[in-house]
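For reference, the structures are reproduced in the following blocks.
Across the two complexes that follow, subunit A remains constant while its partner is subunit B and subsequently subunit C.
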Partner chain A sequence: MPAVFLAAALPFVVSPVLLLFRRPDRRAGLLSAAACAGAFACFVSVALGASPATVALPWIGPLGLSFSLHADALALFFALLITGVGFLVAAFATSYLDSNENFPRFFSFLMLFTGSMLGVVLSSNLMALFVFWEMTSFSSFLLIGFWHHRERSRYGALKALVVTGGGGLAMLLGFVMVGIVCGSFEIAVLAERGALLAASPWATPAVLLIIAGVVTKSAQLPFHLWLPSAMEAPTPVSAFLHAATMVKAGLFLVARLGPLLSVVPLWTPTLALVGLLTMTWCGWLALRQKDLKALLAFSTVSQLGLILVLLAPAEPDTTAAGLLHLLNHACFKGALFLLVGVLEHELHTRDLSLMGPLRRNMPFTWLLIALAALSMAGVPPMGGFVSKELFLDHLLNGHPLLALLAVAGAVLTAAYCFALAAGLAAGRRPDGPRGQDPSLSLLLPPALLVAATIGLGFFPDQLVGAPMAAATLAATGGSVTGHFAVWHGVGPSLLASAFAISMGLALWWGWWQKRVPPAPTLVADRVYDHALEQLEAWARRLTASYMSGILWRYCSVILLTVIVGVAVVVASQGFVMQDGWSSRHAGPWDLAVCATAILAAVATLKARTRLAAILALGASGFSLALLFALSAAPDLALTQIMVETISVPLFLAVFAFLPPYQVDRVRRARPLHALLAVAAGLGTALLLAASRSQRVAEPISSYFVDKSVDAAGGHNVVNVILVDFRGLDTLGEITVLGVAAIACYAIIKLLSEKEAGR
Partner chain B sequence: MNDSLILATAVRITRPVLFLFAVVLFLKGHNAPGGGFIAGLVTAVAVLLGLLVHGHGNRKTGRPTFLYVVAAGLGLALLTALAPTLLGWPFFTHSFGFIDLPLLGSVELASAALFDLGVYVVVVGNVVTVLYALTERR
Partner chain C sequence: MHFAVLTVVAVFITCGVYLLLDRTLLRVIIGLGLLSNGVNLALLASGGLGAGAAPILGHGSAAIVDPLPQALILTAIVIGFGVTALMLTLAFASYQSQLSDDLEDLHGRLDDE
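Entry: the complex of A and B
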């Protein structure tokens, strides 16, 4: 089995296994960490060329769908990042979570996410990528809402799902357009068909829709609202999903599809502008947060904007810089989130001003925070400095206004980083525990991440130069001209960097330190809340308009639909009947059974009590079953008998929910009902009769009958059609059955609870 | 809950027969009338008869136990459909073969039967969920 497949499947296998653990069992965390480490090792072996990078997994060939995996250098870069950070986070979470938490569930969700995320980066087919993309949104929903007893958690989880899931659907539409225009969903094939896309009128809407997917997933303006609310998740989740990996799925897509989509003139400028505005505006918002996790959330959004600017042009040099900053950001932001988790755990607060003199109380924790913050601020010789230099270099060569925005963003970034590092060092803690450095198992994972970002500062080219060049080549098809280095010589970018750092220092010292400005409420948040409220109100009104709760109205609507449907067909096609009424002449038995059915139907109408009506209805149903049996359709007959047998007691059980039986209440409407019923019955009969004689193609049934034994090994054609020829339909149908069971259960339970509460 | 001795006795005799009938219908389904859907309905009728006579007994109420049955059936059906992709065949490829067993002679083994088992389990779970939810309300 190829290592790529093994690594991608491992999390999905481990996820359900974890649920078998008992609740407070920490070994669930160790198993997850081991799975991440195993997957990491597999990817390393692929990277070293010891194992094939491509695995073909067909899905639905005729539709151009496959689950094939292709681990090129770009995918491997992301896969190693995901599994590497995943390992550290799983190890951290194992000792971080309180012993009364539900470990199996937490780690099962975490593995589900890891697998989905690996699927996103490894898929070689756009549709498979989309499936995994939505699965990351879904598992993120589960993880944000992990503490589901908290109202804020549920709110944040729902918001994240609505925004990212909705954006994903828009993206699906874009994918379909691209796929139809270019004639394939395989990314490798698409990359060569940019010309087809450029010539198509669908290019602009497709690109806009895909951009919608990117900006929602990566929380860019104006969809930045979901990430701060997602901070209700347990801290390891924030570090893993909402700093290091999931929010970077949008960036991955930009890198992956950039060469194809940048043939559309809209792509690069739109993304670059959105990224730049997000970087600056959310840097400003981050500076105004007192809640540590909110600060980090806005700073993440801002940093994602920076990377987006670099990836948008799909040129080798900027892409390499973007990927380097992406790696840096995963390291320092992942570390910061984990450390803030430690602080929250020790001090029971996330308020920046209430942390007290950390430098004295928790020296190691503070040191790590300060180092990570310095890297984020872009102070030499940290890793953040190297990539931020490249960023400034790129923008200073562009439009002056954009350059100004970029420098402003850098200033704000530096300011909130200093606020973070220095604000925690000093400060006063009024009451509560003073806290102390946690055990090594909690400090080691963030320490490793901090060490990585420092290492990236000193030896960027030696450490990641070659892999980055390979990833860039895989993404853009071009080679990097420069190389990474801390010292680029004195140039505009160094001056801009020095300016940003000193201005940031001044901003923090002169303004922020005196009084932390109050956190603003997001306009986007208010829009979201209002829109959701309105949507619910409309939905309620719309539902109320047709769900009257009056059964005969429902029946009228259904019958009227049948009548209109038949009338439309007859009016447009004309009514032709060539073969006469039937190919099989009805015998005396058929007629007798039909007469019984009709009698039973009349009895149903005449019944004075509900019980009598139901029994009469049952008689009509059993007669129908008999008719099936006479017509040589034993499967139908058996099914009909069983359905009748079950529905009579079901009716009896529903009795308790129904108001008293009143035949007279609808007396005035009776002629109308009779008319509707007769019209619907006659219409259906005519339609069936006509459908026998209006063949436009050879009936497929003879094919089924011929092939049933050879192709499927069954003599019962009905069953073979159900489980084999039309298996997908059946799968859909039993899914509906499952949903119906859940719905029935929920409705009945809600009703009972409401009555019990009254 | 019904105290009728006649009903109770009749059910005691017919229930095993019904369950057996369901098994026969299921196993025969590929070649003769029957199959997972019908067998599921027959099983549900057997469960229903027990419910009529014995009520809920001391079954712990308030938990959607049979929803898990529905989920298991759906999962089985989905896995049967997905399994061929692991072997490089298209989604939903079914296969069948014959093996010789002592006493029974040539027996057909079809992956479609596994899918049919999923259908069976979903149908039973669905009907029983609804029946229990409706009847244990009071």
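Entry: the complex of A and C
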């Protein structure tokens, strides 16, 4: 297997190993960082070197599924992003988490996520991709709920799982449709069969379902609700999963499947519109947050919308711009989350309106926040400016209404970025808490990310021009025409940028500064809560409707199901009633015993006293024993006699402790019961009668008879079957008896202890 | 012979099911016993009920009956006994603590506690 896939498996290997560490051991974090660094180094060497590596392991043969991975430039771009940010976040978290936290568990979950995320980007089979996709949702659930003693954490974790997991299932359905229409689940094969998909009536539902997966995972409208709630996760998790990587899985899927799915006319406009609306609306929501993490969460959603707009057309130039902004966003947003984590750690609050002036007390932290925020605002010469220029350029050539939305989004982005950078500098409260700059180990990871986004501003083409072109080629199959540059000359996009920045400044200065913005409640949140409440209520009502707690109702339902089921099969298949019986002639003894048995059974129904009922049951058992004896089954006869001999006294022993025997308790459903009973009895007999003529295979009994003496050395074939051929069954039987005996003993003992205690 | 045996099976199962649906706990247990007797007999009948000697080898060359249903029934008889014993103990315990053997009356009592 190529080294690149072994490197991708490294986090999965490390994840269980980490659990062996003791609780307060920070080395768990160092090992995780080392695993990420190792994988990163391997990906770098692969990216610089040979042709794309592929591996396909057989998976589910009958379905034509293979577990195939493919490391092309697009996959490697994401893999480098994941392991690079993963390394910084792991290093940061190692010194960030309090020493009493459960380090092994945290880093084990983190590595589980890293491995799953690498799996998503490296998969070249839709089903493998889906499995890893859901694994990222699952590990995200574990990480959001890491502080599971907090109710908000559990709420956020569940919400993220419900939304992204539900979207994942919709996506699976879409994958299955695409796979069946195109005849393969291999992405490479699918890429050539776009025409098949375009011609199929299933194309529209399939694309809509896959879009559902994309927008839930990347928290686009109207599924943006889960990301703010996911902010209950420890801050390194927010930086890694909910800013830099997992939320970009949806974007990755758009880049990966865009060329195939954009043959369906619905794909590009839907995604672009959703992205644009999300960018603008969530920018507005971000501007109104006081909680720094909530602000960053909404800003993330908004920025993801921006990238989605760029990736939706699946054309080389926009895709390259989208990937560049994705990289930029991972840098500045990852840094911002880590720095907000530092603030929370130092100031013990995340509320923007409660913080004291930072510029004096925490100059380095503040400087890094300001630089990252300026990059996000798209201020030249930061990295964010380069990619935002390309975005505006793309949109200004389109419909004027869309261009207006894009510019509005850019204005709002600039406004909340200024609020973030400048608002923290002076602080809303001069007397608010003052911290100190943390140690270098906490500042270095975000500083590296900020340096990266600045570098991307000055030398975008030199730094990432070639890999972006390669990734774009791998994603779209087309070459990029332009190249990245910080200065494009004066054009509409530069004017739009200047307008957005100045309007953003005005909005921040004129509106945000004057009043503390009211934090809005999300409509989507209320819908989600209400839907969940209703679901639970309905589930409870539904369960209560059939879980009556009354035995005869349960039994009636089971019997009715069996009877109706058998009747339907018989009615549809026809009932062959040939006489396949070659039974012996019934002698007078046979008939007498059968008559006794029938009388005994009817007597159990009719008995007015308990004693009579028990004796009638005993009589039916003993007549059965006689029938066994007459049918050449001496072992059965002996066993039956023994069991009846013990059972009847047992019944009589309980006798004394029970209330008067009630035969005629009122039952409304008595006719139904009689009907069910007759149907069950008659049906069994009829099926049995027909069964003799319906043999489809030779009975295996002759094997037992032949081998009994040779193989097992016994002459009594029934005994040999029980203790030898089917010895394990008999062991099970003995176990059941033993468990029943222990249970009887325990019940009686508990009861007598309770009596004694009373 | 098979007609007679199938009649017995039908009657056993009919009576057993009817008692199983009763409200009185002891009648439910009796019904269960009757039901398992009926099923055991049905298993025996599925072997064909032909003429033949008991399935014990080494007594001449006479044809023997099918041993497999007998082995299955033997297991079933013993398990059935275990079930009956446990049910009786539960009935005893339930009456001791709840002072009722009416299943509809017992319904919901544990929830209320």
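The working rule: the second predicted complex is superposed on the first by the 567 of 758 C-alpha atoms of A that agree within 3 Å, B and C clash if a C-alpha of one lies under 4 Å from a C-alpha of the other, contacts with A are read in each partner's own complex, and residues count from 1 in each chain.
Definition applied: a residue touches a chain if its C-beta (ideal position, glycine included) is under 8 Å from a C-beta of that chain, and two chains touch if they have at least 3 such contacts.
As the structure is a computational prediction, the values presented were derived from the model and not from experiment.
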Query raised in the report: A:W59 contacts which: subunit B (first), subunit C (second), both, neither?
Result: first
Query raised in the report: Of the partners subunit B and subunit C, which touch A:P634 in the superposed model: first, second, both, neither?
Result: both
Query raised in the report: Regarding the shared-chain residue A:G621, is it in contact with subunit B (first), subunit C (second), both, or neither?
Result: second
Report task. Scan A:K749 for contacts with subunit B and subunit C and give back first, second, both or neither. Result -> first
Query raised in the report: Can A:V162 be said to touch subunit B (first), subunit C (second), both, or neither?
Result: neither
Query raised in the report: Between subunit B (first) and subunit C (second), which does A:L731 come into contact with in this model arrangement: first, second, both, or neither?
Result: first
Requested in this report: Pick one for A:L424: touches subunit B only (first), subunit C only (second), both, or neither.
Outcome: neither
Report task. Using the superposition on chain A described above, determine whether A:I598 touches subunit B (first), subunit C (second), both, or neither. Result -> second
Query raised in the report: Touch check for A:H715: first (subunit B), second (subunit C), both, or neither?
Result: both
Report summary line: Between subunit B and subunit C, the one with more contact residues on subunit A is chain C
**Report entry** Those residues of subunit A which subunit B touches in one complex and subunit C touches in the other
**Finding:** 634-635, 639, 643, 646, 650, 654, 715-716, 718, 722, 730, 737, 740-741, 744, 748, 751
Requested in this report: Within their complex, state which residues of subunit A touch subunit B.
Outcome: 56-61, 67, 634-635, 638-639, 642-643, 645-646, 649-650, 653-654, 656, 712-716, 718-720, 722-724, 727-728, 730-731, 734-735, 737-738, 740-742, 744-745, 748-749, 751-752
Query - Complex contact set, residues of subunit A against subunit C - result: 548-552, 555-556, 559, 581-586, 590-591, 594, 597-598, 601-602, 604-605, 610, 613-614, 617, 620-621, 624, 627-628, 631-636, 639-640, 643, 646-647, 650-651, 654, 657-659, 661-663, 665, 667, 669, 673-674, 676-678, 680-682, 684-685, 688-689, 691-692, 699-701, 704-705, 708-709, 715-718, 721-722, 726, 729-730, 733, 736-737, 740-741, 743-744, 747-748, 750-751, 754-755
Query - Touch list for subunit B against partner subunit A, complex - result: 25, 29-38, 41-42, 44-45, 48, 52, 64, 66-67, 70-71, 73-74, 77-78, 81, 85-86, 88-92, 94, 96, 108, 110, 112-113, 115-116, 118-119, 122-123, 125-127, 129-131, 133-135, 137-138
Query raised in the report: Once bound in the complex, which stretches of subunit C touch subunit A?
Result: 1-28, 30-31, 33-34, 37-38, 40-42, 44-46, 48-58, 64-68, 70-71, 73-75, 77-86, 88-93, 95-97, 99-104, 107-108, 111
